[in-house]
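In structure tokens below, several structures.
Heads up, the next two complexes both have chain A, just with different partners, chain B and then chain C.
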Partner chain A sequence: MFAEYAWLIPIFPLIAFVIVGFLGNKLFKKAEGGAPIAIIMAAISCVLSLLVAYETLTTGEVYKASLEWMVVDGFTFNMGIYIDNLTALMLIVVSFIATLVVIYSVGYMHSEGEKKRRYYAIISLFIGVMLGLVLASNYLQMFIFWELVGLCSYLLIGFWNTKPSAASAAKKAFLVTRIGDIMLMLGLIIFFVGFKGNLDFDYIFNNVDLFTGGDSLLTLGTFLIFGGAIGKSAQFPLHDWLPDAMEGPTTVSALIHAATMVKAGVYLVARSYPVLIETPDTLIIIAAVGGFTALFAATMALNNTNIKRVLAYSTISQLGYMFLALGASGYLFAVSGDPNVGYMAGMSHLMNHAFFKALLFLSAGAVIHAVHTEDMMRMGGLSKKLKITSAVMLLGCISIAGIPPFSGFWSKDEILATVFETGAYNTGFYLLYAFGIIAAFITAFYMFRLWFLTFSGKPRDQEIYDHAHEAPKVMWIPLVILAVLAVGSGLAGILLGMEGTIEPVAYLSTMHIASGIDMIVDMFQHPLTYVSIIVAVLGIAVAYLMYYSKTIDPARISESKVGKKLGNVLLARYGFTAGYDLFGIKVIYGISKAVDWFDRNIIDGVVKLISLICTLVGKLLRFVQNGLVQTYASIVVVGVSLVVILLLAFGGMF
Partner chain B sequence: MIPLEWFLCLSAILFVIGAVGVLTKRNAIIVLMCVELMLNAANINFVAFSSYTGGLTGQVFAVFAIAIAAAEVAVGLAIVMTLYKARDTVNVDEVKLLRW
Partner chain C sequence: MDLNFDLENSYTAFYPMLVIILFAVVLPAIHRLVKSSKGLAGVSLVGILISAAIVVYNIMDGYPDPIVFNGTPMLTFDVFAAVFSLVFLSVSALVCLLAARYVEKDSHLAEFFSLTLLATAGMMIVASASDIIMMFVGLETTSIASYALVAFRKRDRLSTEAGVKYVIIGGFSTALALYGISLLYGLSGTTNFELMNEFFALNGSSSLALLGIGLMIAGFGFKIALVPFHMWAPDVYEGAPTPTSTLLAAGSKSMGFVLLFKMLLVALIALKADWEVVVGILAILTMTVGNLLALAQTSMKRMLAYSSIAQAGYVIIAIAVATQFAVESGIFHIITHAFMKAGAFIVVGALIYKVGMGEKITDYKGLAVRAPLVAFAMMIFMFALAGIPPLSGFWSKVYLFSGAVEASTVFDQGWLIWLAIVGILNSALSLYYYARVVKYMYVDKPASHDKIRVPTTMAVAIAVCLIATIVIGLWPDIVVDYCAQAASYFSQLPLGRPW
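Moving on, here comes the complex of A and B:
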């Protein structure tokens, strides 16, 4: 009943975009650059989203509606709405966090002056197209919105466009994700050919066996689609843009580069799950990339001193967990045929992560707002000044570290349990489990390192400390709301049976849905659960010893020979940034120069040669026109005579 | 009756005299007169064939050609007149402004 109005959800923020974006600076000069409009529209679509999501999750019905968009050569393209439990989950996450972030922005962006209007316009556009992305009913429509969120990301990373680092970060984000987008497009072309021109989710998911072109082509198609997810969700080896994307305002980092847009890749893979389970090879790749990225990105957060960069690496790492969950769960289903909890674990991790990572980013934003620096080495002791911020950020840190009963624990533990279970069928997954466990340890460590460096101990920069102040109400109220969710969303999800509702269509409801309490009891009877808890506690303990009680001096590790080298490798992001630059400058620029040479000399050369010949011949022939009528007449007479003679001689007229 | 070939020979001789005159004479008036010779050579052919085949078409065509020749001479002489007024000469070799 609410789902019929779901098409309105993306419309409201788009209206806000049009009003704020096009109706002049003067109109909104006194009204925070259009913030009230953006907030109201986001809030309306949030309420509508929650109603639609509630309806879908309780009834469990899939709502689909579509209109014919265009017909080309007998192929019909549709535009429509497809709402199942996965869409519902995304709707909750996106619209809710978006609304909170826009409210928070009123405080955070207060001193931006005239640029505020641009900010609120683009962020409204982003909310609209992101909601459009999750509601899309076919791959083509999804791809259109997919590109639009990329555009918004580009515009917002480069919000401070006079800053060279921000401008180049925006370009980098756009170009690197473009590699993934091209792969996605190729994957869609394979799907388009294989499914005979029908890209509707509804058709494809029910007719995967009608794919023409064989298993290997389907595997290639799903792999290329995952390629799109790699780019958008910043997975190895296209992860390098996300840390740079932190050049944008912190609110943008929280909304786009932590909670929503980077989840689009995970959403794409989860959405394609019914196709993916037919191609186990791709699922192994997904799990391997996810597991490796989870560990790989976490290590880079170990010694970074920029508060937002640490959170960015953490985001990449957590996204890796989600891909690991989807890959392992799909593979397990493909080989064993039994439904498992991995998919739900991945999806609830998506939700939990959105809450606690948005919380962490917005708290970091409150800190940056207070001290005007992102360098943790110049903070310290801030918990006395920023009481609320430090408290909610601590909750976020505990949640991401995976301490029960905070939300991060439940989903992360289920993911690791699924991966371990899959190891029985393919021993490679034991390795991925090890990656996951080590990454969990590192995550707990660096999150608490971040918290201790920022909030505990003595101020390292007295001047900054003296000027620090608690964030205004409009900023800390969203933080508190997010903190409540970051603490409780995992447990509430399990107790309300949401874990059981979020299951893929492909399982055809053969899943044994345990009640929430049973699930929790099961979990705590499993020895692996204690492994994850111990690892998390260990990580926190090491961070405590190093950065709070100072029992272990961190400088002793970082100043030692090996430590210094290792630290430099991590700060250089394993040389990936340099590698990209090298690749870009040497290889691509080299090829460009060669192509340029070919164009200038060979292509242009041929054209120039032809024109040169024409001019020369013209120069010679123009002397024929000497202005004497009698010469012309002689030529005519000679010519006609010749024609007549030739006709008589060879024309066969006689 | 005079055979057809004689007429054709006469017209050929007239035509060649006219053509050579057009190509070699320097005086614009003589060039115009030579053009008349060529036209009349053609007229002789028309009339000869007309009488030889017994139709009237050739004679009608000759009358047309004479009319057009008259008009052409009028225009041509007018051009020569203005040329003489402007350049003080009727020598075609000296009139070669329109060239490369």
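Moving on, here comes the complex of A and C:
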């Protein structure tokens, strides 16, 4: 009933984009550069999204509708809507968080002046295209929105376009994700060929066995599709753009990290699940990349002092968990044939992460708003001034650290359990489980390090401390809403039976649906659950000892020889940034220069030679043209003789 | 000879030429009343328009019976003649528009317009002739009129010199052509195109016939400035008053094509195997030499002259390919070339008239600042001549080259593809000197910043060429249909149509 109107969901933010983008400064000079329109449109699409999602999740029916878009050489391209439980989940997450972020922006972006029109216009477009991506009914349509999402993130990361670091961060985000986009495009071409030109989800998911071209081609195809997700979701080795993307406004970071850009990659893999389970090799790669990234990114957050960068690394790390879940779950299903909770765990982690990461970013935004710096070394003791912010951020930290019954715990624990279970079929997964557990410890540590450094102890910069003030209502109300969700979304999800609802089409609803209570009881009978809890508590404890009670002096570690070196490696992001620059500047620019030289000297040289010859011949011929009519007449005579001779020759008269 | 004048004959077929000739004869008398060159141009235009109206009436309402003499048709005003008559009349009208102000300070104004009209009438006679003698009469009418027109400014040394050269080389060429024709007549015993072809189809080739063909090609090749019979063209175009150059480049040259079409593709089509390769070689030679020489020019009119030579090379491809489609393409290119080349010459003329500059290519530096609209028109003409889409010159070249490619595959004459290849390479080459003019106009700084205002009559002439060049470029079909009808005149040729 509501699903029929689902196509309107992305339309409303797009309307806001058009109105604000083209008329913003004229109509809304006194109204925050068009913020009211952006909020109203986002809210309408949020309400509609919730209705559609509720309908889909309760009835469990897949809604499909499409129009013929174009027919090229006998291939039909459709434009349509595809709503299943995964779409429903994404709709809730994207539209809800986006709405809160736009509301929050009214406070955060208040002092931006005329630039606000651009901000609200692009952010509306961003929301619209992300919702369009989620609702798309085929890969081609999805790809179009995928690219638009990339464009919007480019525009927003570089929002402060006069700042060179922001401009280069935007470029980096665009170029690095482009590598993934190219892989995705190649993957789609393989799908296009293999599935005979039909890219509709509905067709592909029900006819995976009709793929022509063999298993290895399908594996390559799914791998390339995952390549797109690597770029978009900032997974190793294309992770380096996301920390730099912190140059954008914090609201944009919140949106990118919680609801839009990076979630698109996870969504793509989750969406392609019915195909992926046919290619276990790709699933191993997905799990390995995810598991490795979860640990790898977490380490870089250990000693960073920029509040937003720490959160950025944590996002990369948490996304790694999601890929690990999807890879392990798919692999487990592929080898065992039994449905498992991994997929649901991955997707509910996506949802839980969306809530607590939005909360964390917006809280960090409130802090930055209060102290006008992102450097934690100049903060400290802020909990006295920012009571609400510090409280809600603490809830967010507990949630991401994985302490029960906060939301992060449930999904993370289920992910790790699935990975461990998969270890029975492929021992490599035990290693990934170890990665996950270590990452969980590190996560708990650095999140509390962040909280302690920011809010506890004595102010390290008295001047900043004196000027600090709590955020306005329009900012802290969304924080409180998000805090409630960050605390409760995990448990609520389990109690409401998400396990049975959020499952891929491929399972064909064969999964046994345990009641929420049973599931919780199951979890707490499992010894591994306690391992997860213990590492989380340990992480928090270490952070407490180092940064709150100061029992262990962090300087002793960071000042030691090994600690210093290690710290520098982490701050240098394992040399990836330099590596990219080296590759970009030395290799690519070198090649360009070589090509340029070839073009200038060899190709242009040949062209110049030809033109020189032409001009020379022209000048020679001109010499004959001496203006004397006698010469002309002689040439006519010679000419006519030659013509006659030629005629006779070709006429065979000799 | 048994002369048998058929008084029952209807002379309707001659009316379009008759009107022009009447106006040409009456003009000196009118000059008594109308002193100004503007007025005379106006009267000439009236004559041209009446003639054009008759032509259009014929196209709409069916063509008159041929004029028969001694049992064989002499003059047939069919669709081929009608299409070409319209081309000649358009060129003539453009020349009158340009001359209306260009020659205003000269004496013998009546003679100028009278001769222009006579030349036009001669061209139309050539287009409708069914007989070599008739055709020759038309050719000479045009030739003699244009000799005088070239030397029109008798106190101008360049003009006189050009006139003398044109007469000498022209007379020489006419003699060659006449000798060739007499050989062909002597062999076949007829001057009718169809009958001559029947004879050669029956009796085959002979060395004497080939000698005749060679001489005829040389003689008529002079008119279209076929290499190596082109030497006169740059000197004459440069020396002649610009309206006359326009008439020669756009009108007289088109007539030359008609001559060759009729002789080779109707009267001598039976001997095609003997002459096709030679014509192909001449086409390649003509376009290449024309373009190479154009590269090295510093005078605008000489550059346009060489460009005309090169364009003739493209059209001659149609004769070598010899399918109806190729001829259709050739006619199409003649039409598009008439407008773009006339347009370019009129721009040159307008600038010479108005500010006494425009002879040198460097005079065009910064023209876009001084006369934006004229510069824009010139740019369009240059790009059309270079064959840049979507202008008219692009389509006619595409047609020509695709005709050659098609013939090379369908009719199994592989060598024809070289005509297309050399043609395309030449187009690329030619872009250099056309684009150079555009660069001068738009990139370089002008010597002065005074605005140039072109007289209305010239502006109208430029606008007509501009509109024709752009409109034919956007909707080629409106002209191509008539070209196809005209090409059906060559009923002996295979149809040929690459799409």
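Details
Operating definition for what follows: the second predicted complex is superposed on the first by the 637 of 654 C-alpha atoms of A that agree within 3 Å, B and C clash if a C-alpha of one lies under 4 Å from a C-alpha of the other, contacts with A are read in each partner's own complex, and residues count from 1 in each chain.
By our rule, contacts are C-beta pairs under 8 Å (C-beta built on N, C-alpha and C of every residue); 3 or more make two chains touch, one makes a residue touch a chain.
These numbers come from a predicted model, not from an experiment.
In the superposition on chain A, A:Phe623 makes contact with chain B only, while chain C stays out of contact range.
With both structures placed on the common chain, the touch criterion links A:Val643 to chain C but leaves chain B unconnected.
Note on chain A: of its two partners chain C and chain B, the one contacting more of its residues is C.
Of the two partner chains placed by superposition, A:Lys561 touches none, neither chain B nor chain C.
Of the two partner chains placed by the overlay, chain B and chain C both lie in contact with A:Ala633.
Looking at the shared chain after the overlay, A:Thr615 reaches chain C, while chain B stays out of its contact range.
In the superposition on chain A, chain A positions 622, 625, 627, 629, 633 are in contact with chain B in one complex as well as with chain C in the other.
For chain A in complex with chain C, the touching residues are 611, 614-615, 617-619, 621-622, 624-625, 627, 629, 631-633, 635-636, 638-640, 642-644, 646-648, 650-651, 653. By the touch criterion stated above, chain A contacts chain B in their complex at residues 622-623, 625-630, 633-634, 637.
Only residues 164-165, 168-169, 172-173, 176, 205, 207, 210-211, 213-215, 217-218, 222, 227-229, 231-232, 234-235, 271, 273-275, 277-278, 281-282, 289, 292-296, 429, 432 of chain C touch chain A when the two sit together in their complex.
For chain B in complex with chain A, the touching residues are 19, 22-24, 31, 92-93, 95-100.
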